[in-house]
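Here's the structure, in structure tokens; my notes come after.
Should a chain be cited, it is by its letter among A, B, C and D, assigned in written order, with residues numbered from 1 in that chain.
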Amino acid sequence: MSKLTDINSIINRINNGAVLMIGGFLGVGTPENIIDALVAKGVKNLTIITNDTSFPGRGISKLVAAKQIKKLIVSHIGTNPETGRQMNAGEIEVELVPQGTLAERIRAGGSGLGGILTPTGVGTIVEEGKKILEIDGKKYLLELPLKADVAFLKAYMADEEGNLVYHASARNFNPIMAMAADYVVAEVEHFHTAGNIPPDEVMTTGILVNSVIFEDSKDAMKGGA
Amino acid sequence: MSKLTDINSIINRINNGAVLMIGGFLGVGTPENIIDALVAKGVKNLTIITNDTSFPGRGISKLVAAKQIKKLIVSHIGTNPETGRQMNAGEIEVELVPQGTLAERIRAGGSGLGGILTPTGVGTIVEEGKKILEIDGKKYLLELPLKADVAFLKAYMADEEGNLVYHASARNFNPIMAMAADYVVAEVEHFHTAGNIPPDEVMTTGILVNSVIFEDSKDAMKGGA
Amino acid sequence: MNPRELIVRRVAKELNDGDVVNLGIGLPTLVANHVPKGMKVIFHSENGFVGLGPTPPQGEEDKDLVNAGGQYATVNPGGAFFDSAMSFALIRGGHVDVTVLGALEADENGNLANWMVPGKMVPGMGGAMDLTVGAKKVIVAMEHLAKGGAPKILKQCTLPLTAQKEVDMIITEMAVIRVTNEGLVLEEIAPEFSLEDVQKATEAILKISPNLKKIEVE
Amino acid sequence: MNPRELIVRRVAKELNDGDVVNLGIGLPTLVANHVPKGMKVIFHSENGFVGLGPTPPQGEEDKDLVNAGGQYATVNPGGAFFDSAMSFALIRGGHVDVTVLGALEADENGNLANWMVPGKMVPGMGGAMDLTVGAKKVIVAMEHLAKGGAPKILKQCTLPLTAQKEVDMIITEMAVIRVTNEGLVLEEIAPEFSLEDVQKATEAILKISPNLKKIEVE
């Protein structure tokens, strides 16, 4: 039974108020076709966990522009001025998280950890409201796990089992988000029958992936920088 | 400048009392030639962080048999009766760590984390002496990072830069130990010039690896089950 | 049918299509031979892969490919290898649907002991503590009585625990028992035993399910 | 030589053969063009690889391969891609030898502020906090004065910090300053400035190194 799925049946699952993780770094490794479908559906009050809000017209910024986001959990919004404008206007809540802490919190969510201790953010406003533990004379912040209802990934290639292979720097947050959501969807450029990806080369095991959306690479290229 | 190194120059670095991480699961993915050289040198009072003590005559069990180990940090010793005998006789100290906790402690050591919170071991003797934190009504143990002076890895293939590729279930603890030691040595079956491993296929980046020991696969096969 | 065969076949009936399953060393390993026809189950091997397949034919072993017991193994098409941190992230993170483990003792609170007998045998917990805490469903598969005839299903475990309140089911050659907040519920009983036989072989008090059935296996 | 060029060339002299180096966006990125001849430096890109190479020729871009600023990039032979958790494990775990970052402010305690101006500009910290805490050597590379002429090297940062007591060196077009437990030590000075010029442009009191030199670059 192949995990190849129609994009509409996936988007139908997403309701107002959903908590979504979306892969990508400045739009590279972001599932653009899925973003477009979310914009078309017009779901509102989303909480989005992602690294950044990309550049205007690309990736997460399309959801910002369409005012579909209630809360962002991100490390950086500087490349998309509209995000800053909405934040300053009180239209959108932004939780800024150091990028390495964001990655570890997502990984912890997917790994059943109750949290991790990181030195990042000690002595800065990032420590506000957080438990500080001292281990061997050094201070660490207790950072808590993140989970999502649905993770939307971008991969280079998938097989029927949902095994994924990423290409170049488009890997970024995708593999860890695959672990941290109740339902995981990957948009891919290439699709193979089961067993065509050698088990040593799989980057995300198909047991983590519920559905695969296949878009030909011309469409995916539209999202290029 | 290639990282290919002579095994003797590596073993010369190892002194009595060293803290070593050694890859492998029941001997699979363990650098047998390096173990043999450690036995030949006869360094004593080693602390060894590894998953298990393998089967008699193989992998870590050779260091146990030669009484070179002061302390073991492992998840399992049941497959090598001599380890249990030495433990019961007070000749060797054994810290038993749940396998997933062992993996996370090593990863934390290599990742600059001060510790991780795991539900594993709550309500068991594993929790003795550890801080227990309650997050959202669930109890977690605070487990602390592990680091080593030297990590000895087994990989399938390396290049001059020290990039590593593992094969099948011989991967196990090797990639995380590569992050957690001051000096990292990989014993490999195949060796390539730089750039012959595509950057998407590298499993451990060469920036983590100091030296590569090349043994032909016939020798490596001697360690087979 | 011999007792171990019955246990293994009954455990297999607990598997559902698409499940990711981790089988402990020994008796639980044999469950893999009885996956119901037409059903696809993916076996997770704690040493670092999913898609664990059957034992390879002699001469076709890969020295780098073993199961969690260190025996030569194969990987099925669609499988994937990963490192130990990922293997246990999958386990602890709830990505394994079912784990089947043997036990020295289990009790009416869902506790389980299977990794040491103080002063006698201390093999270590290996992956058992993570599996018991992390898997969505924990099945203890064991013979009902210890060698020597002592009960192993107790009011309270006497040996050091593997995990606290994590066991969902206990399957033996005598009975299928569900662990509930109100204690142990006897759901199924083997044809050759009476209710009295089972209770006598069990230290914990068994509640009898209103739907009590005979154990049936294929 | 224009001021930015001087800064970039002087920073490059801090690199050692075999170093793993992360360059921040903007001015620091240009350091890559001045790695001393015969020296091999491996550039780490926070978005998930080591072996960051030069900008690709037009028409040869790979849509999946960009640097931390989102610009098309290349990977050198011997490089490796990984996910964001590994990328920051490398950073936080001390596997990056040198990080070069720009700053809005730096101070005599080794503090650094470069990620927000409350009420005005809040781009976010991105990877800067992890890099500053994790890299073995932290170099702030920036113009000595803010636009408008206000000092940026202060007794105490006024903006929200990126990290506390982590800066090792500050390199500007006027000076090379080392951060020590006894405060800021002026190690090198640009030929066209006097000691007085530099101190006047710096709020923190500078100690003068007994080995004070002129900044020299290739």
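Here, a residue touches a chain if its C-beta (ideal position, glycine included) is under 8 Å from a C-beta of that chain, and two chains touch if they have at least 3 such contacts.
Here the structure is a predicted model, which means the values were calculated and not measured.
Identification of common neighbours of chain A and chain D yields B. If each chain is reduced to the centroid of its CA atoms, chain B and chain D end up 35 Å from each other. Chain A and chain B have Cα centroids lying 32 Å from one another. As a whole-number value, the distance joining the C-alpha centres of chain C and chain D reads 55 Å. Residue positions of chain C touching 2 or more other chains: 49, 75, 81-82, 88-89, 91-92, 133-134.
Residues of chain B found to touch two or more other chains are 104, 107, 111-113, 118-119, 166-168, 199-200.
Contact between chains, using the touch rule, shows up for A-B, A-C, A-D, B-C, B-D. Touching chain C in their complex are the following residues of chain A: 1, 107, 109-113, 159-161, 163, 179-180, 194-195, 199-200, 202, 205-208. Chain B makes touch with chain C in their complex at residues 25-29, 51-52, 55, 74-79, 84, 87, 94, 96, 98-104, 106-107, 118-126, 156, 166-176, 220-221, 223-225. Residues 45-49, 61-66, 68-73, 75, 81-85, 87-89, 91-92, 111, 121-130, 133-134, 160-165 of chain C are the ones touching chain B in the complex.
Touching chain B in their complex are the following residues of chain D: 20, 40, 42, 44, 49-51, 75-82, 88-95, 133-134.
Across the interface of their complex, chain B is touched by residues 104, 108, 111-119, 133, 135, 138, 140, 142, 144, 165-168, 199-201 of chain A.
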